[in-house]
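Two complexes follow with chain A in common, the first pairing it with chain B and the second with chain C.
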Partner chain A sequence: MKQFAITLAASALFASPLAAQDVAAVEQVADPAPLPSAHGYEPQDDLEKGLWYEMDEAERRLKQSKFLIEDPALNDYVRGVLCRTVGEDRCPAARIYLMRTPQFNASMAPNGVMLVYSGLLLRMRDEAQLAAVLGHEFTHFEKQHSLRLFRNMRKKSDLMAWLSVAPVRLPYAAAMATQFAVIGSVFSFSRDMEREADAGSIKELAQAGYDPRAASAVWSQLGAEMDATAKERRHRSNKKRGGLFATHPRTTDRMGTLAQLAEAAVPDASAAETRAAEYRAALGDWWPQLIDDQIALQDFGGTEYLLATLAGGDPAGWTGDLLYARGELYRARAKEGDFAQAADFFRQAIATGDTPPESWRGLGLALMRLGNKPEGQEALRSYLTLRPQAADAALLRTMAGETLS
Partner chain B sequence: MKRLGKLFIALALAAGLTTPAQAGWRLVEKGEERKVAGRMYVTPTEDWNRSTIRPVSRSEVWTRDGRELNDLDFFMGIKDGKPLFRETHRKRAPLPKFDPAMLPTDIVEWYQDTANIVLGGSLFAITEVKPARLAGYDGVHFAFSYTGSDNVERKGEVRAAIIDSRLYLISFDAPSLYYFDRNIGGVRVLMDSARLKR
Partner chain C sequence: MKALLTAIVAALLLFVPAGSAHAQFGGLERTEVKEGYQLKPGAVQILVFRPDVHVGEQTTGGMNEPNAEWTQTAKAHIMAALEQEHLARGSQLVMVTQEDGEMGELVADYTALFGTVANSVLNHKMVRSNRLPTKRDAFDWTLGEDAARLKALGGDYGLFFYTYDSYGSTGRKIIQGLALVLGGGFVPSGVHIGYAGLVDLDTGDLVWLNVDTSMGGDIRTAEGAQKRVAQLMEEFPVRAEGVVVPEGTVTFDPPLPPDGPVDDEPVVASPTAAGDGQ
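What follows is the complex of A and B.
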């Protein structure tokens, strides 16, 4: 377990909010050294070499993770968006790993490992928003923010002394994050670093022809989702405590700044692209799986907000997929009135003519919980006709009143 | 290193519910009918080790080679409104609660949702669900697979039924490699052997 302990120590370093406090004062010297995004960049001193060694070890384990999404098409797409955003000459510095984990997160380690969680992909409304996050993380990487945090910490104290420092608390214990604590940790950058990364992402977006307003949209969506989760669960919003917002500039302040930067970078954004259709097409078959992952977290408030965001605040935006997901969300919560609501959403989903067959399953089960057995059984039979090989077909057949063959 | 079963014990220890300073193990001999966690009786076909720690009331934990390798958990009589595991983050990561009105399919989804929340990941998959009987009552038998943060693929099976508005559930999980296949036959026979004495 020694290896694990070292991993923890390093992760605590990055994640400790203490680490971020006075970094702003450090290292604003003009930098004659090559940028880490330059071709053939090597670590510059022993400390950076040590850090790379840790990161490379973590990357080696990462490659064997069952949580990796290996789908070549999706990987190519995300890489393509990064390359379009930061340019073909700089993007080879990043090695992108897509992780199947429902939280919103992305990070980039000093050795070029970029982690993109599937929960992030689920939440982006278009390609420009994804580009905004990737551009933001790439700026942290290129400006060597995590390396600066690390150096600053080393000046103060011995590495092992930080074993006892608790990392930033995530809203959920992400299995993936504990597995790769070094590269998967939530970096608590200083506010100045975040401002620098924000400015960097706006610049990249504008140069790539993306609508730079996407950056402020991402943060307002995330903040509102955290508020929605907190309201339903009656706790303080995570927006105000840890995770991605831990040392970020105040959200409202930040969104205002981002909007101003976007306005200054591209005064007339009408020609700028968001590429929403391309984004939806690229996610394609993954979307239903990712929304299932999200629903399974039983975060009713947050998920309800998320679905409404994806529908774009437009009644016509509620596609068969979204209505199905909403039905599942209500059925899973199972509070008073939820089954009736769920049945209604499933019916609407089926009426669109373009919904997963699981809408029939959901409708059948919701009706049976409502005590409407005949109609419930009929819906289950419709589902079994569409999906005779479903994992729970045998059980559903008996529930639908069919005799076992 | 998160696994379903390990978490189960860890949560109980954290909650300070267990009196013994160190967990002990007692032999459960094969072929002997034995009372499990209060009410239900089962007859194992192989020798097992029973933990002296009861993670929640009316539960027992058994293993043959250590809980990393084969883990048999009994939950005997979960009440209305209770979760499967003890909740450590009631506000921020609440666990779904049992409801006696649940359909058999709901029990499967409830178990899956619980697993997803405690594992924090999403690689938990239900692979087969079929009707079954537990102690003479209609219920459900389902199979699942998952990967915890130790990156080991595990498979498991659960037999469950709602009896007098309480949930009785026996769950088994083991690494897909070797251990699951070696033990599952005996576990299914044990699940079949369950009966209630009044």
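What follows is the complex of A and C.
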């Protein structure tokens, strides 16, 4: 019991710096200090200067990254969505980099570097959803969250160091509990900032005339995808992940809070825009490539779910691109019956009359694995006629029974 | 570069308990030189790629707080000291500033490749417990012959280096002292890591690599930077004695026996010949 009391006393210690931090944050708002999004903003103190300097160096390397999507049209589009969301005055402070990485993520550095992963672009259903994510990241930037998180961590790690040499040693269990409490409070601070960024994104969406319900939709889609992945892989869904050491609030909690905030911000969102057609048009040529990246993740359950939602739960929604993707997904898994299913999807894709030529390649390879050599070879030859310069042309020619020249 | 740093830090942690064999705080300190390697005689031009220098303060709790002012000062001091050091050795440094276009991309690619190769040397040769049997006596890493494309930037060698310094704050030093007195164990104050490597651009071979995880010299001062550079350049290959080319380093005949069997292609130090990969 005594140990417990000490633990409580120790925990109380950390509650106060946290509260103090909140007061500081309020003062910051009252103070007319320039926002990082203001034109010509310069980092203020030594720490901010130091973080900017390191990030500027990292940005130089980022510019040479092989993962950078340099397509000017796609870059212009994403930048345009940000500017539409936060306004032309504030958006120039952020520099967007599109990274070709199949995961769902985006991040923001204190100097204005914003990373947007291609896996996120694949998962957004319309422009309003993309705007929700960009608005969230921009709020992190404007409210200087990385700087504040660094200060918070510094303060708490300092405290732990002092406690480790404190003349009065805490009993082992209490010391452990104290450590957990301190580390936990850092994560709790991080979650608070995520909530602040979520709230910020709703505000921006509403002001820009986007449907603010898009923010909640992003998380319900992601949550359902996590469920599908978990079911296939037989583990607990990541969407329920939370607790003391989580950097972000639970997905299910964010979904609910965002929906409430959206309802409060724009009670009647019937006039608000989602711009789904514009979004699909902007992604255009990138689509099959993003699909290939996703299939390479070998997440059958999640990808199957993702494709089905992209088709909109409507048989007519299965376009040639999506059917091709589904064929590739089954062909890559290669379990019993998968090649027959894959061949079927490829045939359906080809029947739509609007599918990547790779559908013939997929059909040929699937049929060969099924033992149907004549038809398989014929499909491969169709592919080689459509893509004579394909990287794997030489190999496929041999498989198609053509002699090497 | 990041990966190498991580490996160094990991190596540092690994070596702390078994540190008695090493200098003062037991950090990893190793230099590898390609056996019998000498720089070619005559005027030597060494390309120096964007120096990777990071200086910060180690907080009481052990985090690193980057400091832009210290970093900029240190970078200037180190570059000055490096230039001086190499002038004394009779070689000239050529700063590479290209960051855009095809050449900038090439520099970025080779910087990344160097980082990966250096990391491999660190892991599989320098860290004794993890040394590959085939690398016991060999130091034969290379970036490949295509590295010769970098010669178009105006040098025959490429020098890559990196330093990371996190100076212990007052709080950190007090903790270190208290922990020693109170029996809390050894709390390190300050992190000072550096490495440098030299690539022969004719062959692409890594000819020298020096890694030190407990470097000396306060690089925020000119004198400290000189000490640091001297440590960084430990066992740097010396120049071969012999024919000194009077002027123009564009072409020169290597001192090879005129009719002897020569396995390698003749060395012609002209950028055009070197750029032809076939």
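By our rule, the second predicted complex is superposed on the first by the 329 of 405 C-alpha atoms of A that agree within 3 Å, B and C clash if a C-alpha of one lies under 4 Å from a C-alpha of the other, contacts with A are read in each partner's own complex, and residues count from 1 in each chain.
Simple rule for what comes next: a residue touches a chain if its C-beta (ideal position, glycine included) is under 8 Å from a C-beta of that chain, and two chains touch if they have at least 3 such contacts.
What you see is a predicted model; the values in this text were computed from it and never measured.
Of the two partner chains placed by the overlay, neither chain B nor chain C lies in contact with A:Ala259.
With both structures placed on the common chain, the touch criterion links A:Lys49 to chain C but leaves chain B unconnected.
Residue by residue along chain A, chain B and chain C are tallied for touches, and B comes out ahead. In the superposed model, A:Arg60 makes contact with chain C only, not with chain B. When the shared chain is aligned, chain B comes close enough to touch A:Pro102, but chain C does not.
In the superposition on chain A, contact of A:Ala199 is made with neither chain B nor chain C.
Of the two partner chains, chain B is the only one that A:Ala332 touches; chain C does not reach it. Judged by the touch definition given at the top, the superposed model places A:Leu370 against neither chain B nor chain C. Overlap of the chain B and chain C interfaces on chain A comprises residues 61, 64. Residue ranges of chain A in contact with chain B, taken from their complex: 61, 64-67, 100-102, 118, 171-179, 233-235, 293, 296-298, 332, 334, 365, 368-369, 391-392, 394-396, 398-399, 404. Residues 1-2, 91-94, 96, 99, 101, 103-106, 108-109, 112-113, 116-123, 126-131, 140, 142, 147-151, 153 of chain B are the ones that touch chain A when the two sit in their complex. Only residues 50, 54, 56, 59-63, 65-69, 71-72, 99, 104-105, 108-109, 171-172, 175, 178-179, 182, 184, 187 of chain C touch chain A when the two sit together in their complex. Residues 46-47, 49-54, 60-61, 63-64, 150, 153-154, 156-162, 164-165, 167 of chain A touch chain C in their complex.
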